[in-house]
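Letters are used for the chains, namely A, B and C, taken in the order the chains are written, and counting of residues starts over at 1 for each.
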Amino acid sequence: MATETPGRDESWYGAGEEVDRIRGAAFKWACLGATLFGISMVFVLLLYVAVDAIRPFSADAGWYLAVGLAAVVPTVALLAYYVRRDREAGWVGATATALPAFCLLVGSGVAILVIEVFPPHEWFAVVPALGAVVAVWAVHQRVRPDPVEFERFGVVALAALVAFVGVPGAVPSLEAALQSALLWLNWPTMMLYSFAGPIALATGILIARRHESRRAGAVATTLTFAAGVVSILLAPAVGVDDYLLVVVALSVAVPTALYAESVLRSGENVSGLALPVVAYVGIAVAAVVVETYGFTGPAAWLDWEFLTEPHSRFPQRAGIYPALVGSIMMMLVIVVSAFPVGVAAALYLEEYAPDNGATGRVVSIIEMNIGNLAGVPSVVYGLLGLALFIRYADMNTGSVVVGGLTVGLLILPIVIISAQEAIRAVPDSMRQASYGMGATRWQTVRNVVLPEAIPGILTGTILAFGRAIGETAPLLMIGAAAVVFNAPGAFTEQFSAMPRQIFAWSSEPSAEFRHGVLAAGVVTLLVVLLSMNAAAILIRNRYQRR
Amino acid sequence: MSNENVTTSDTGTDTDFQTDDDQSIASPTPGSEAVETGESTRTTGATHTVIESRDLDVYYGDTQALQNVSIQIPEQQVTAMIGPSGCGKSTFLRCINRMNDLIDAARVEGDLLFQGKNVYDDDVDPVALRRRIGMVFQQPNPFPKSIYDNVAYGLKLQGRTENLDEKVEHALKQAALWDEVKDQLDESGLDLSGGQQQRLCIARAIAVDPEVILMDEPASALDPVATSQIEDLIDELAEDYTVVIVTHNMQQAARISDKTAVFLTGGELVEFDDTGKIFENPDNDRVEDYITGKFG
Amino acid sequence: MSDASADDRRAEREDRDRPAFAGQNRVRSVKERAIEWLLFGCAALSVVVTLAIIATLLFDAIDFFTRVSPVAFFTGTNWSPKIDQTYGVLPLLTNTLAVTALSALVAVPVGTASAAYLSEYASDRVRSILKPALEVLAGIPTVVYGFFALVYLTPALRAVGLPVSTFNLLSASIMVGVMIIPMVSSLSEDAMSAVPDSLRQGAYGLGATKFEVTTGVVIPAAVSGIFSSFILALSRAIGETMIVVVAGGMSPKLIPSLFESSQPMTAAMVQLASSDLAGDGAAYQALFAIGLTLFVITFSMNVVSNVVAARYREEYR
């Protein structure tokens, strides 16, 4: 009855485990500390660079008061309310607030392209030519609903040829004809018809589909077009070129309006729309107050001039504009080249590739190879670009095309791998259903697999693009210019990109460059990167909740 | 088209099989009371064979999934295939429309004829074959598209887009789903309940007017109410289509099918006959053991 | 009744222009084949890229080795291409090794500890904050890390009392280490999470503490995956260019000095590329020789990492 084994009954309770508990706790906190070490170091550094770039301490107390009371406090209070009471509405509000800002960035990017690369008369010629091709396709679909296999493809290709290439030497292409014929139209009108027009049409079609009413569509089209006209009229007041304002205003207004409309139509979480109103009205009020009372805002290095001026020896006047344009153009090359090739490769590897047999072995070699390519240092890709494109293919040193292709090759494995994952995530039962109905492989891919996989593909690709925009080493190898004073006007011209410019500035010894201009450049790059990542994550979250 | 036994007689007095339960008492096998054969107004008698297999062997890698299966499936009747799990019923089903092609390791020997033509001949296009044979799977798998687009999918694939609205409506009516969804054709097919989704898949399959509908355990993932709705549906479908259904639910097979094929371990087709005969008085002892629950 | 309708149905179906399921539709299969070949071409492009990289590097490197003997290259202790035309790669190698070792000192413990915390201790809410935060680290461009090292870290180190010069090895290495923390942490965490819960339960059932389970059961079980993450991260550190160029300086020393400027292989490549290069000069080709060395090192490390990782995946089949 009494315990015979001495010492046995006291070991599982009592104070004996103190040491264990202390050791366990110490380990846990040490691990947490380690996790927080890297994170906090980087976030502190980010804070430092933001402060250096924006210099918040140089602003008036009055400025802070105005901005704080009018904009920050109400917005934060509303946000806190959403977090507490109505999470869903909070998400809607956050999206509605972030959307105009994000669209502003994108719209500015497009505007930059219009300024530097595609002047309005080129744009104006391209759009109707494109429209003509689309019209041919639509008519063909109406007239011959059941064509022979390649007939539609052939007809459309022929139309595209006529529209854009013409017959060399004999007949000018439609696009070229339009370019020369319509030079007497002024730029705003051109922009209005070739930019606002198609967007208004597309918006109208979207709204008509959503509401199942032609009238609603017509209303939407008219409103959008009217917005374009209004922005032209308001341009002198805002101080921006009118044809540019059309681009920017529509880029911001149309997605925001569409989103607001969808929220209102579904009737859920409409209260969330209060957040953007509070935020933006607050900012407007703050701006008015600041103007009236003459408060000085922060003497930021990152100001409008920084974004629109080229480099200068004088830090006060140095800017990042040409590098910004170069980055945008390079991204355009990458989007056009790496994205389709990467998605096509991923489709093959996931949908078409056999698992065994001779081809199966080739395919597994390809996959292993892609994995290894993802681990090759970026300098080596730069060497590849140097040898392949510049020495062998004799392209211009440091041109946008070479830079885009080289960095495109660098991110190609990443695009392929993430697209593969997205395609793999499509449930097999859908494919079975489609095959069971007698769909060919391409029909299944096009109608079932791709639509399901597109959000995942987009997320992974946008993240890959974020990597591309920050790459410097390959650009150094292919001879991208350290400093350009003019933005590149064509894709074959030499260019500089944001990270390249940052690197060039880092060799300037003066403190003003280091802590001012350089910081502003870094913050610009990080803001672009942040918005891309945020967009990717939003896409992933929105489509994952389905 | 080779016709074996087409003697389409006037059906008037042909034996309606199993019109009342008395007939089933002829020689009751122990435990057979547990299995009731249902009523069927379809006539048997000599009918056209739509699917025939001769000495069909199927291997997955080194494992043999079907052994020497020879069967003649009649037109416009419900043929059930029953047996314990893993006996090759689904494999056989998937051979009919060559869905087994999608599995790399599958190997088929022997003949499988659809409308008299061997589906494994070199000049056969599996895609075209599958457009004449519809398939419904165990787990309902509607596409993440609207109900309308789900039903219209097959028609659009084949380019048969005239009168699309009517065809969609007709298919949904035949699948006994029209009344429930006619006001929400634009909503996603995934928003429906399990039973509705399966009926949507059936509507999708019949929209293209196939000759044969293959069903692989179509009700096993559904609750009893939905199951009985599907069973009623199958009964009606047989008026217009040939239905081949795999099921592990013996009572279901007995309720709805005209003919039953019993597969046992190793992919062996042990007996194939009228449903009544199989469940009341099977020839094969192993079938009797299976029916009465001695194993399986 | 149903027989008659069977005939009707059959007749109805044949009236309609049904394509036979045999012997036709070549055109459709031509289109399908064409698409398949197009997609295959895109996938095979990756192999072309690898071959191109190898060919490019070999081509000029071999040319280089006809001018400068491989022995002199791989054992020479003086790297001075412009002034002395000497191409001894040893100083670059030791500098690279130093950067890698120092960054490992930072990343390996921090990364593994983070992985252990996230996988074993963190609640879902905490994990949902910390993991994205680590992703942020992974997304920052390396040139920005270089900027951080040069403009903020070096002065901070100086403020702490370390006698670092403007460009120094220590600052750059620490930043490289911070940059690769997310790689170690996320891959190791994957490895640890993949350890089946039954193992943990078994250990708890025997009376082990959480600390003992984590260090004695989970980490040893995941060691192949953890180890492979180390190799991958180090391979990344070896190939890292911008941080060391911006913060580390341009003067290689055979015995690397923590507080002074240095020049690993990647930085030397940048320097060669930025200087005026004659197309066929030895300096230009030296670029490819170093590139080849770098490629071989990182490629073999990646292959080893894959092999090690595959071994761990097999154990839980």
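Keep this in mind: a residue touches a chain if its C-beta (ideal position, glycine included) is under 8 Å from a C-beta of that chain, and two chains touch if they have at least 3 such contacts.
Keep in mind that this is a model prediction, so the values were computed, not measured.
Trainee: Going by the stated contact rule, which chains contact subunit B and subunit C alike?
Mentor: Under the touch definition, subunit B and subunit C have A as mutual neighbours.
Trainee: Quick one: which chain's Cα centre is the longest way from subunit C's?
Mentor: B
Trainee: Centre of all protein Cα atoms: which chain's centre is nearest to it?
Mentor: Central chain is A.
Trainee: Please report how many Å separate the Cα centroid of subunit A from that of subunit B, as a whole number.
Mentor: Computed from C-alpha means, the inter-chain centre distance equals 50 Å.
Trainee: Report the inter-centroid distance (CA atoms only) between subunit A and subunit C in whole Å.
Mentor: Centres of subunit A and subunit C (C-alpha means) sit 24 Å apart.
Trainee: For subunit A, write out the residues touching at least two other chains, lowest number first.
Mentor: Within subunit A, the residues that touch at least two other chains are 440.
Trainee: Which subunit C residues touch at least two other chains?
Mentor: Residues 28.
Trainee: Out of subunit B, which residues touch more than one other chain, so two or more?
Mentor: Within subunit B, residues 127-129, 131-132 contact more than one other chain.
Trainee: Which stretch or stretches of subunit A touch subunit B in the complex?
Mentor: On the subunit A side, the touching residues are 145-146, 354-357, 360, 427, 429-430, 432-440, 443, 447-448, 451-452.
Trainee: Which residues, counting only subunit C, touch subunit A once they are in their complex?
Mentor: 27-28, 30-32, 35-36, 38-40, 42-47, 49-50, 52-53, 56-57, 59-60, 109-110, 113-114, 116-118, 121, 130, 133-134, 136-137, 139-144, 146-148, 150-153, 178, 181-182, 185, 209-211, 214-215, 232, 235-236, 238-242, 245-246, 266, 269-270, 273-274, 279, 287-288, 291, 294-295, 298-299, 302-303, 306
Trainee: List the residues on subunit A that touch subunit C in their complex, please.
Mentor: The touching residues are 20, 23-24, 27-28, 30-35, 37-39, 41-43, 45, 48-49, 148-150, 340-342, 344-345, 347-349, 352-353, 363, 365-366, 368-373, 375-384, 386-388, 391, 409, 412-413, 416, 440-442, 463, 466-467, 469-473, 476-477, 479, 499, 502-503, 506, 514-515, 518-519, 522, 525-526, 529, 533.
Trainee: Taking the complex as given, what residues does subunit B use to touch subunit A?
Mentor: Subunit B reaches subunit A through residues 97, 99, 102, 104-105, 127-132, 134-135, 137, 139, 141-144, 153-154, 157-159, 161, 201, 204-205, 208.
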